[in-house]
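Below, subunit A partners subunit B and then partners subunit C, in two separate complexes.
Moving on, here comes the complex of A and B:
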C-alpha cells in the first residue's frame, strides 16, 4: 500500500484547522456582517435591507446621546484608571520594596484581587441595594451623623458616576497590582544595588530604573484597560435603569449600542454603526498609545 | 535605634495602615452582602450589622417562593460555563500545540494574526453575530455561545506562551519513535504535562463565562435558559421590592461559588495573570 507521506511539519495545519474554521465562521463573518450592517438601515423587524451609505454615521454624530455616551465612557474610564494605576503602583512598590519587608504579600494581593472575580451583574445589583434609599449606606451615614437626612444616591448624577468609577476601580486595581508586581520583580536587583552604591535616593531609583523598565507592562495595562473601559456595560446598565440614568450620566458606548439594538424596531443598522465607531476610536487610541510610549532609543 | 531603622518603622506603620484601610474598603461590600444574606428583612431595615444572623433558611424560602428560579439559573450557568471552559481549553491547547511543535509555512503570519485578533473589541462583532445567528436560527441556544469558544485568541496566546516553556521536544520525538500518532502525542504526552497551565486557563475561562452578562443577554430570550447574571437583574432591593434579606441571599448565591473556587485556587489564578502579562 502506498502512503502519501505528509511532511511532518505540515501536521501543524491539522492542529490549527479547528481554530481557523471556527474563526472564519464565528469570528470573521460577524465582523464583516457588523461592518456591512452599519451601512444599511437594517432592523430586526423588516426583511428588506437598504444600503444607505454613511447615513447611520452622520446621524450618530448629530445625536446627542452618542456624544454623551462617548463622553461618559471616557470620563468614567479616566477617573477610574488614574487612581487605579496610581494606587496599584504605590502598593506594588511597597510590596516589592526590600527595605519595607511587608509581610503576607501573597495574602494581601489575593484579597485585593478578589473583587475582580465577582460577577459585575451581581455587584451592580448589590450596590443598587446598598445605596438605595433605605439601604445600608444611608443607614450608616445618617446614624453616624455625617448626613442630616437620607438621600437618593442614584438620582444624583455625580454620585452615580462616582459609584460606577469606584466599582470599576474596586474591581480592577487588584489585577493591576498583580501585573505590576510581576513586572517589578523581574527587574534585576543588581540594578538597584548599583544605584544605591552610587548614592541614588529611592525616588531617583523609581524614576530612573523602575519606571523605564516597566514601560512595556504599563503599555499593556494601559491598552487592555482602555479596551475594557470602552466596552463598559454591566455596571452602568444594572446600577440604574439600563438607560444611563440619572439624566444619562452613566450612559456608556455599549449601553447606547444595546438601546438601539433592543429598541422596538431593533435598529441593528444603527447599533452596528455604534459598534464600528467604538472600534475605530479604540483602535486609534491604542495605536496612539503604542506610538507615544514606544522605545525611542535603538 | 538608628535614624534609618526608625524611618523604616514609621514607613511600615503607615504602609500597613493604608493597606488595612484599602482592604476594609475593598471587603466591606462583600462582607455586608454575606452578612445581610443571613439577616431577616426586619433586622436589615433596623440598621447595619457586621455580624451574621440566623435567618438564612427563612430568606431562602422567601427567595424560592418569589418565583425566581435560582436553582435553574445556577444549573444553566454551570452547564454553559463548564462547556465553554472545556471547549476553550481543549481547542486553544490544540491550536497552540500546532504552533509550538510544527514549523509550517505561514506559521508566523498565523500567530501574528492571532495577536491582532485579541485586540478586536466585541462591539465590532456582536451585532453582526446576533443577526447571523438569528438567520441560522441559533439564537436562544447555548450552541451560539459555546461554539465560538473554539477560536479563542486570548487563550491561544496564553497557551502558546505556556507550552513553549513546558514542552520538551525530545519527549515528543521519543513518542514518535515509539509509533505514536501525532494526535496521540498531543493527547498522551502533551496534555498531562500541560495540565497545570491548562487548569489555570480553565479557571479563567470558567470565571469569565460564569460572570458574562452581555453575550447571553443579547442571545438568550427564553426564561428557562437564563443564566445567573441575567436572573440577577431581578434581585434589586428598593422601595418596590422589600424582601431585603432574600435579595442579598440571592446575590450571595451568585457570587459565593466564585469566591470558593478562588479560595481554593488563588495561587493558580494570581500566577496566571502574571504570566499572561509578561510576554517578554
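Moving on, here comes the complex of A and C:
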C-alpha cells in the first residue's frame, strides 16, 4: 500500500494559500471587474449594461477635468512628500544618532505620530472651521493687525491647496519617521563605529552608510506613499464641498472618480475608467521607482 | 527568474491595491499602510459623531424584536429613526408582523451607497425611505414597485398634490410621503420693528412679497443698521426659491436647460454680495447658526445680526429653535421670531417611502406605506404627539427611551392638517414665534408649492453650480466663465447628458 504523502517542500504553499485565495477574490477579481466595467456604460440604477469600447476614456480627455485631477494629485503629493521625507529623515537621523543620544525618543516619536491617529474627517472639519470666513484664523489675524480684512481662505486656490498639503504632511510625517527609524536602527552599529574610528563626519556617515543601506526601506516608503498619494481622497473631499472647490484646485483623482460614482445614477462605468487610468499611472511610476532604486550590484 | 516572478507578483499585489481600494467601496479591505495619505476611500467618518447624537440609532439598527417564527418579517431601511416610531405603531395594529428596522445615516451619501449596493440582492429591504435629494432618481429607476393602487386612498386623504408629484415618474406613482415640506421665511420681530416700524407678519409679508421687494428691503436693513444687520446669512439661503420656481426642469430631452430663474438667481446673489446684503456665512456652517442667536461676530470683533432665514417646515423644530440660544446661554432669540410665506413659494426636503419591486411581502409592504403616509389616524397621531414613549413601549417594551415623536411635524394630508391646525395655537413652537401658529402658516403656503420640475439629476447639477457661483461672486471669474465652468462640470459628471 502506498502512502499518499505531501512532500514537505510544499507545506509552505498551504500556509500562503489563505492569503492567495483571499487576494484572488478580493484583490484581483475587483481589478479585472473594474477593467471590464471601464469599457461599459454601467450605472448602479439601470440593469442594462452596454459595451461601449473606449468611449469612457475618450470622454475623460474631452474636457480638462481628468488632466486637472491628475495634475492636482501629483502637485499635492509632491509638495507634501518632499518635506515629509526630508523632515522625517532629519528627525529620525537625530533620533538614531549615536553621538546625540537624544532623550525621550519614544515620547517624541509618539507625539509626531499622534496626528495620524485622528480621524481624517475630524481633521478636515477642524481645518474647515478654523479657516471659515467667521472662523478663528480670521478673527486672530485681523485683530492682531496681520490682515486688513477677513478673507475667505477656502475660496482661495493656493491657500486651500496649501492647507491640504499641510494636513497631509502633518498627518503622515510621523509614520514615515517610524518606518525610517526602524530601518536606521536595523543598520549594524559596528559600521558606524568603524566609520567613527576612521574619522568620518556625521554627514559622511549618513551619505555612505545610512542612505545606501536604507534603500529597501526607501523603496517601500516611495511606493506606498505614491499609492497613497495617488488615492488621496478624504481630506480634500471633506475640506470643501467634496467636488474639489475652489475652482477644482483640490480635485484629486479619487474625488473625480467618486463624483462620477455618486452622481445621480451612479455611473460606475465612467468611474471605473478613471480607476483604470490611475491604476496604469501608479503601476508605471511604481515600476520606475523599483527600477531607479534597484540594487545595481546584482 | 524566480526572483523576477516574485518581483512581478509583488508589483501586481501593490498595484491591485490601487484599484481594489477605489473601484468599489465594498472591496476596500486589501489596502495596506500608505504613509502619505489617509487610509483610503472611506467616505463616512463624519457620520460617527452624528450618529451618536441620537442614542436610539444604535439599537435601531438591530431588529426591533426577536423575529418570532410565526411572524411575517418586513424589512424597512431608513436614514433617521423617525419611521421606526410609525413601524412600532404599525406592529401594534398588526401583531402578526415583525418590522425589522435598519437605520443607516445619510451623511456623505452612506445611506444612498448602501441602498445602491443592496439593489438586486437578497439583502434588499422591502420598504425604503427616500430623501428629497435622491427620491427622484429612485422613482425614475426600475427598482421601485408601482404604488398606483394607493392613489384612491391618497385622494381621499387629500394628500398635497406636489407630494404625489415627487413620487411620480412617467405617470407611475412609486413613492408617498407622510410629510409635506413647504418652505417659509422666518424673520426677527425686534429687527423688523426697528427697520420697518412693524413686526406684523401680514405687513412684513407685503413688504417682502416678491424678490425685487426683498432686495429693496435688504437695502433698507443695511442702511438703517449701518451695515451691521444682514438680510440673509448666506447666498445659498434663497437658492431653493429660484430653483423651485423654474419653468423647465434642468434636463429636457437629455439636454441641460438654463432656466431664466437660474439666471435671475445668479443676478440677485451678485447684488446681495456686492451690496453687502448677505453676511457671507456658509449655509450649515458655524457662522450661519451663530446668526440665529445674535452671536455672530465679524473678524474685527463687531457684532452682526441676521434679519431672516429661509427654512421649511422641519427647519423650525430641528434647526431654528434649537439654535436660538447661544452656546454660552448669554443670548436667546426665542420668542423674537415670526414666520411668513416669503417672496416665492418653495419646498425643501422631506422623506418619501417606496416599495422595492422584488419585495416578497408586496401586499404587506404596500400596506405599511399606506399606513405611514396616507392613514389619517396615523398622520394625526404623528403630528399631535400621540406617539409617546409610553404609547410605544406598550406595543414593544424594547423601544428606546427617546423614540417618541413630539407634536409639530407638518403632514402630507390636507384633511389632517385642517383638522389639527388649531391645536397648535398655544404650543411651544407658537411661543417661539411670538404667538404665531406656524402650522397655520405652512398650511397656507403648502397648496402653492410645485414640485413637478424635480428630477433625479437635480442634486448633482445644483451642487455643481455652487463653486462657479462662489468664484463669480468673489469677482475671480466673469459670468461667462462661471457658466462655462458649471457646464463643463455637469458634462463631466453626466456622460449621458448633452450640454449646449
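Just so it is clear, the second predicted complex is superposed on the first by the 269 of 298 C-alpha atoms of A that agree within 3 Å, B and C clash if a C-alpha of one lies under 4 Å from a C-alpha of the other, contacts with A are read in each partner's own complex, and residues count from 1 in each chain.
Here is the rule we go by: a residue touches a chain if its C-beta (ideal position, glycine included) is under 8 Å from a C-beta of that chain, and two chains touch if they have at least 3 such contacts.
Note that the structure is predicted; figures quoted are calculated from it, not measured.
Enquirer: After the overlay on subunit A, what do you see for subunit B versus subunit C, clash or fit?
Expert: clash
Enquirer: So in the superposed three-chain picture, is A:290 touching just subunit B, just subunit C, both, or none of them (first/second/both/neither)?
Expert: It touches subunit C, and subunit B stays clear.
Enquirer: Go through the superposed model and pick first if A:53 touches only subunit B, second if only subunit C, both, or neither.
Expert: In the superposition, A:53 contacts neither subunit B nor subunit C.
Enquirer: Figure out whether A:152 sits in contact with subunit B (first) or subunit C (second), or with both, or with neither.
Expert: The answer is second: A:152 touches subunit C but not subunit B.
Enquirer: So, A:263: does it touch subunit B (first), subunit C (second), both, or neither?
Expert: After superposing on A, A:263 lies in contact with subunit C but is clear of subunit B.
Enquirer: Scan A:115 for contacts with subunit B and subunit C and give back first, second, both or neither.
Expert: The first partner, subunit B, only.
Enquirer: Mind working out whether A:172 is in touch with subunit B, subunit C, both or neither, as first, second, both or neither?
Expert: A:172 sits against subunit C, while subunit B stays out of touch.
Enquirer: Looking at A:212 after the superposition, I want to know if it touches subunit B, subunit C, both of them or none. Which is it: first, second, both, neither?
Expert: So A:212 meets neither subunit B nor subunit C here.
Enquirer: So, A:225: does it touch subunit B (first), subunit C (second), both, or neither?
Expert: So A:225 only meets subunit C here.
Enquirer: So, A:33: does it touch subunit B (first), subunit C (second), both, or neither?
Expert: both
Enquirer: So which positions on subunit A get touched by both subunit B and subunit C?
Expert: Correct list for subunit A: 23, 26-27, 30-31, 33-34, 37, 44, 119-122, 125, 129, 132-135, 139, 143, 175, 179, 221, 223, 227, 230-231, 233-234, 238, 254, 257-258, 268, 272, 275-276, 278-279, 282-283, 286.
Enquirer: Could you pull out which subunit B residues touch subunit A in their complex?
Expert: Against subunit A, the touching part of subunit B is residues 8, 11-12, 15-16, 19, 22-23, 25-27, 29-30, 32-33, 36, 44-45, 47-48, 91, 94-95, 97-99, 101-104, 107, 110, 117, 119-132, 134, 147-148, 150-151, 156, 182-183, 186, 207, 210-211, 213-214, 218, 228-230, 232-233, 235-239, 244, 247-248, 251, 254-255, 258-259, 262, 266, 269-270, 273-275, 277-278, 280.
Enquirer: Mind pulling up the subunit C residues that touch subunit A in the complex?
Expert: My answer: residues 7, 11-24, 27, 29-30, 32-46, 48-49, 108-109, 112-113, 116-117, 119-120, 134, 137-138, 141-143, 280-282, 285-287, 290, 296-301, 456-457, 459-460, 463-464, 466-467, 470-471, 474, 476-477, 485, 488-489, 491-496.
Enquirer: Across the complex, what residues on subunit A touch subunit B?
Expert: Contacts found on subunit A: 8-16, 18-23, 25-27, 29-37, 42, 44, 87, 91, 94, 99-102, 106, 108-115, 117-123, 125-130, 132-136, 139-140, 143, 170, 174-175, 178-179, 181-183, 186, 216-217, 220-221, 223, 227, 230-231, 233-234, 238, 253-254, 257-258, 261, 268, 271-272, 274-276, 278-279, 282-283, 286.
Enquirer: So in the complex, which bits of subunit A are touching subunit C?
Expert: For subunit A paired with subunit C, touching residues are 23, 26-28, 30-31, 33-34, 37, 41, 44-47, 56, 59, 62-65, 77, 80-81, 84, 119-122, 125, 129, 132-135, 138-139, 141-143, 147, 149-150, 152, 155, 168, 171-172, 175-176, 179, 221, 223-235, 237-238, 241-243, 245-248, 254, 256-260, 262-268, 270, 272, 275-276, 278-279, 282-283, 286-287, 290.
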